[in-house]
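Each structure below is given as structure tokens.
Same chain, two partners: chain A is paired with chain B first, then with chain C.
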Partner chain A sequence: MLDFLINLQKIDRRWVYLFVFAACTFPFAVKIWLPLYTSPETRGVYETVDKCPPDKVVLVDSSWDAGSMGENKGQVEVVFDHMLRNGTKFIVTAQNVPLAPQFSEAAIEALVNGKYKDRHYKYGEQWVNLGVTIAADYIIMQQIAQKDGLHRQYPKDYRGTPVGQLPLMKTARDLSDIYMIHAVTYTPSENWLAFIHGPYGTPITFGCAGIQSTTYYRYVTSGQINGMLVGIRGSAEYDAMLYPNDMKARKSLGSRLIVPLAFGHVVIILAIVIGNIGYFAGGRRRMQ
Partner chain B sequence: MSGAGADSLYLWLAALITLGIYSFLYSDNRMYRVLLHTMIGLGVGYSFLITWKQVLGPMWWDPMTSGFWDIFNHHSGGLNALWILVAFLGLLWYFQFSRKYLWLSRIVIGLFLGVGAGIVFKQQFLLNMPQVTDSFRPLLSGPPDVKNFPLPGYPNGVPVDIVGLGHIDPVQSLNNIIYVVTIVAVMVYFFFSFSHDRKAIAGTARLGRWLLMISFGAFFGNTIMTRMGVFLQRLQFLSDDWAPSPLTLFDRLIPGLLYVLVPSVLAAAAYLLGRGAPEAQGPAEGGSAQSTEQSGEVST
Partner chain C sequence: MWKKRLIATVTFIAGLYFFLEYVVPPMVPARTRQGVIQSVRSAPMPKVAKRWSDKSGVVEVEERTVVRQRIDARLVTRTVTVPNRPGQVVRREGEQAGLEEVRLKDVRAADRGFFLSGRERRTRGVVLEVTRDRVDVGVLGGVSTIRMAYQRIETTLSIPIASEREVTRTTKGDTPERVTPDKLKPGDTVTFKWRPQKGKTGTVSKVEGGKVLVSFFPTVIVPYGRLVAFRTRSTGAVESAAAESLEAGELVRIGPTTYLSRMLASVNNFLTVLGAMAWGMGLFSLWLVHSMNIRRRRPEWYLGVIVFVAIGFGAVAGYGFGNEEVLWARNLNDVVFEHMLLPMGSTVFSLLAFYMASAAYRSFKAKSSEAILMMVSALIIMLGQIPVGMWLTEWLGHYKYVDALQLPKISQWILYGPSSAAVKGMWFGMMLGAIAVGLRFWLSLERGAFFDREM
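Moving on, here comes the complex of A and B:
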């Protein structure tokens, strides 16, 4: 028996992969819903977006691509959904991730041509995608804070149109026209706090990979960021706040992945427990 | 090729590449390496193109060339030609490769160091001062008060001298006590200027170490969540986008395809694992050694 327990430490890791794969696939084949608790950091993002005044715009810095799509895509989808529902106008930018603008564009187009088709939202009036800038982030931040900074930093939008020709950009010229910034990427830059929130007080919210969230919680408690969407969980919680009584309306990637994530976590927790049983059994053998 | 046909081709290509990359989970193989190098090459090429089209082109090349155009045609706006100085400054970096003219690269390095130092000073001050302020918390407090949003108010609870003893929030107070105790304990653990032999100091430092372990546990848990997030997005693509994709070709097969595919993959993987070969190896050295062995190459 003791040998069996000790051998639990030596299971080929590929068996673990197989069990994780099987557990995660099951919820994709059979639709299952699990209850969601909304965390304060997610509620902070929701409430900040919800309070955007009609004469201001929201800047979404959506700097992610295929590498962190699993977590970041849902984090922009739910915020886009919220803003389109409220009629809030928004500007999308990207920093140092060349593929990012096309992912953001696809997410917005899916909502505008799907859920909000009857509202007839138009590009350039309701939202603008300013494309990517390759530069040190603090330079971009300092630039947009200057007078007409958005126009100087982004002379053309993602589609090649001069920004002066876009109706939305005629009123959104620099940081003073921006109500809040929602920065979504694998590791949102802390420079948003140092160069934008610190000197100008613009509310900032983050959408980040789960692995990075531990370092950002201190900014939530200190009030330097108004809220944070953490990984898949953050977007699923936000979606649950958007549609509290209608689970079928929750279409974001976060809502799609949260149940498979829970199933995968169960397998990993079991693997940790089994590995520890083997470890302690090995300790007993050494004592003998 | 029609639009639908092209979409289907892209979908199948993406799915096969995904499966090819994940074949590494069983063992290192040539297909995985080919796909990996292709992906890196595509990424670099695309990044270069985008950098030129969206950044260097509109922000540097276009203004500079239009400036020269204005000068040659005697129009106003010739000042934009000065953008060429930025190119000269950038080219100074390449004198790193010349011993004789190395000093020229030091000009631009010095410039960057100066800018960097100034930026970091401002950044650290504005980033960390609110953290220091936040670490002073009322140990006995009422509930948080942020009704004057977006002003900060009292996010960590209103001090008891304002709300009075009758309005103490036990949960918020406990939160603040844990926060302050954690800061003190961890700082004592990292304070090496005096001996940790004294019981009070040693006990506090030990508590700090335990609290650090708890935070490392949180890091580890979040790491798993992120790795799972990457995997699940691909799984979602395979199950939601790719698995039903033959729908347009084989109408009758569609509803059951996913259920056929998944058990097939599971059975194949179980069969391969059951054979017990090859041995699980580390991703770097082990993988390379095996690859060389399989290809019959002899290292000289």
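Moving on, here comes the complex of A and C:
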């Protein structure tokens, strides 16, 4: 028996890989529901987006691509969903991630042509995708804070249209027209706080990878960011706040991945526990 | 030796700056007032400060100091919490003058008036927050009024209509055009290409007396009397607020700022300039290092060739981004970014899940008391971050005093409290270290572990 327990810390890593794979794919085959807790940081993002006045726009800095799509896609999907539901106008930008604009565009198009088809939202009036800028992020931030900064920094949008020709951009010219900034990337830049929130007071919210979130909680506690969407959990919680009583309406990537993520975590927790049982059994053998 | 002393001194000053900027309150405590804004009045009071002409006498420039904002706030001496009994009648200041009787359930944030309850009978104040079980009322002192004025400098320039010097006119939605002053109309936005207002953008205010008067967008906004304001948001968080954005009913703290807070904009600008130069220097350095490696056939010189080929390839592919006219460039862009970079990124990141599971299994062992502490907190955090944690401890929510033991709540406490504090301390140390390392680079002390060898 003791030998069996000792051998628990020597399981071949390929078995661990197999269990992780099985745990993550099983919930896609069998529909499972688990209760969600709504964290204050997610509630902060929801409440900030919800309070956007009709004469202002929201800037979504969506700088992610296939690498962090699993965590970041849901974080922009739910905010786009919320803004389209409220009729809030928004601008999408990206920094230093060449493939980011096409992912954001696909997420918006899916909502506009699906859930909100009957509202007949039009590009250029309801939202604008300004594409990607490759430069140091704080230079871009300083630029958009200047008078007519958005027009100077982004003379053309993602589709190549001069921004002056887009109806939305006639009213959204610089930072003074922006109500809040939702920065979504694997590790959102703290320069948003130094260059935008500090000097101008514009509310900032973050969407980040779960593994990076511990570095950003200090900004939530200090009140420098209004809220934060943490990994897949953040978008699933936001989706649950958007549709509290309608499970079928929760279609963001976060809502679809939260149960597989939970199962994956359970496998890791079990692996740690099993490894430690083996470790303690080995210690007992050494004492004998 | 002087270099080491310089590094120590600058690092100390940087630490002092951090202490003053982030640990010491941004406003002088004894002279800071907290209050609810009673009114915001726009009271322009123009005052001519300066007038001059350029050497040729072509233009006349006038600079005016204009007081734009006057904000009055009354001192809030304390906050009183009234139990929220929905049926209770309170007296509220109505739309018209006088008080109206309303049920407590109809009270909203920013309402003013008398709130009658227990010991706080005849408590006059402003409702700060209404929750299910309580109403927070900011009690107004009613004696202290804060006045806050902001000034900005506006500049007016007059150009003779007959002048042949061209300016750039920007009309909404159109491309900019160069025009002579006689074509300008009031409301036009113009940019000057010549001194004394080179590069500045203004608006034509009027055309009269053979002259075009152009007002420039205000370039300087400075707090009058070194006052800064911090606003309390509905979530309870505090944010710095510009005078223009303050509105009546907002809970604010206004006071004289500490000296260093005012330097924030200058420090940011310096960092931007430095960063822009660093990009250029980085590219130059990359070229220098790799070209030298190739020329001298140093070990692994072929990697330098790959760097240059990759840069060239990426630049050509980038040319095709959104380029509908040059089809081959667009196809190359698709191949590089969509068919190579995208799947490679997905693959690398998805492998992480498997490696992390394997690493956690092999290395997370309770070998010491510190390791046990870390493992227990890691397990709580992991369970708290997923719905399984809620599923396991949801039943605790039905009991009044143990609901705080739900796994997501414990996880949240760890992240908001101990973890945040540790991260703050760690970053403080890292930033001071970064300053010292930066100075070592500047002073050519970059070799060696700790100043052991000077170049």
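Note that the second predicted complex is superposed on the first by the 288 of 288 C-alpha atoms of A that agree within 3 Å, B and C clash if a C-alpha of one lies under 4 Å from a C-alpha of the other, contacts with A are read in each partner's own complex, and residues count from 1 in each chain.
Please note the rule applied: contacts are C-beta pairs under 8 Å (C-beta built on N, C-alpha and C of every residue); 3 or more make two chains touch, one makes a residue touch a chain.
This is a predicted model, so every value here is computed, not measured.
Participant: Clash or fit: what happens to chain B and chain C when chain A is overlaid?
Facilitator: clash
Participant: Touch check for A:M241: first (chain B), second (chain C), both, or neither?
Facilitator: neither
Participant: Does chain B (first) or chain C (second) touch A:Y279, or do both, or does neither?
Facilitator: In the superposed model, A:Y279 contacts chain C only, not chain B.
Participant: Who does A:G223 touch here: chain B (first), chain C (second), both, or neither?
Facilitator: In the superposition, A:G223 touches chain B and chain C alike.
Participant: A:G164 contacts which: chain B (first), chain C (second), both, neither?
Facilitator: Second partner only, chain C.
Participant: Using the touch definition from the top, say if A:L5 reaches chain B (first), chain C (second), both or neither.
Facilitator: Neither partner.
Participant: In the three-chain superposition, say which chain, chain B or chain C, touches more residues of chain A.
Facilitator: C
Participant: Identify the partner contact of A:R233: answer first if only chain B is touched, second if only chain C is, both if each is, neither if none is.
Facilitator: Both partners, chain B and chain C.
Participant: Does the superposition put A:R13 against chain B (first), chain C (second), both, or neither?
Facilitator: both
Participant: Is A:P260 touching the first partner chain B, the second partner chain C, both, or neither of them?
Facilitator: Touch status of A:P260: first partner only.
Participant: Identify the residues of chain A that lie in both the chain B contact region and the chain C contact region.
Facilitator: 13, 17, 20-21, 24, 47-48, 51, 67-70, 98-99, 131, 135, 138, 158, 194-195, 198-199, 201, 203, 210, 213-214, 218, 221-224, 226, 230-231, 233, 261, 264-265, 268
Participant: Under the definition above, what is the set of chain B residues touching chain A in their complex?
Facilitator: That would be residues 25-26, 46-47, 49-51, 54-55, 58-59, 119, 122-127, 130-131, 133-134, 146, 149-150, 152, 155-156, 179, 215, 218-219, 222-236, 239-240, 258-259, 262, 265-266, 269-270, 273, 280 of chain B.
Participant: Write out the stretch or stretches of chain A touching chain B in their complex.
Facilitator: It is residues 12-15, 17-18, 20-22, 24-25, 28-29, 47-48, 51, 67-71, 73, 98-99, 131-135, 138, 155-156, 158, 190-191, 193-195, 198-199, 201, 203, 209-214, 218, 221-224, 226, 230-233, 253, 256-257, 260-261, 264-265, 268 of chain A that touch chain B.
Participant: Tell me, which parts of chain C touch chain A in their complex?
Facilitator: 172-175, 201, 217, 231, 233-242, 245, 264-265, 268-269, 271-272, 275-276, 279, 318, 321-322, 324, 337-338, 341-343, 345-346, 348-350, 353-354, 356-358, 360-362, 364-367, 375, 379, 382-383, 385-391, 394, 406, 408-409, 412, 415-416, 419-420, 423-424, 427
Participant: Residues of chain A touching chain C in their complex?
Facilitator: Residue positions touching the partner: 9, 11, 13, 16-17, 19-21, 24, 34-37, 39-40, 44, 47-48, 51, 65-70, 98-99, 131, 135-136, 138-139, 142, 147-148, 158-160, 162, 164-165, 170, 194-195, 197-201, 203, 210, 213-215, 217-218, 220-224, 226, 230-231, 233, 236, 258-259, 261-262, 264-269, 271-272, 274-276, 279-280.
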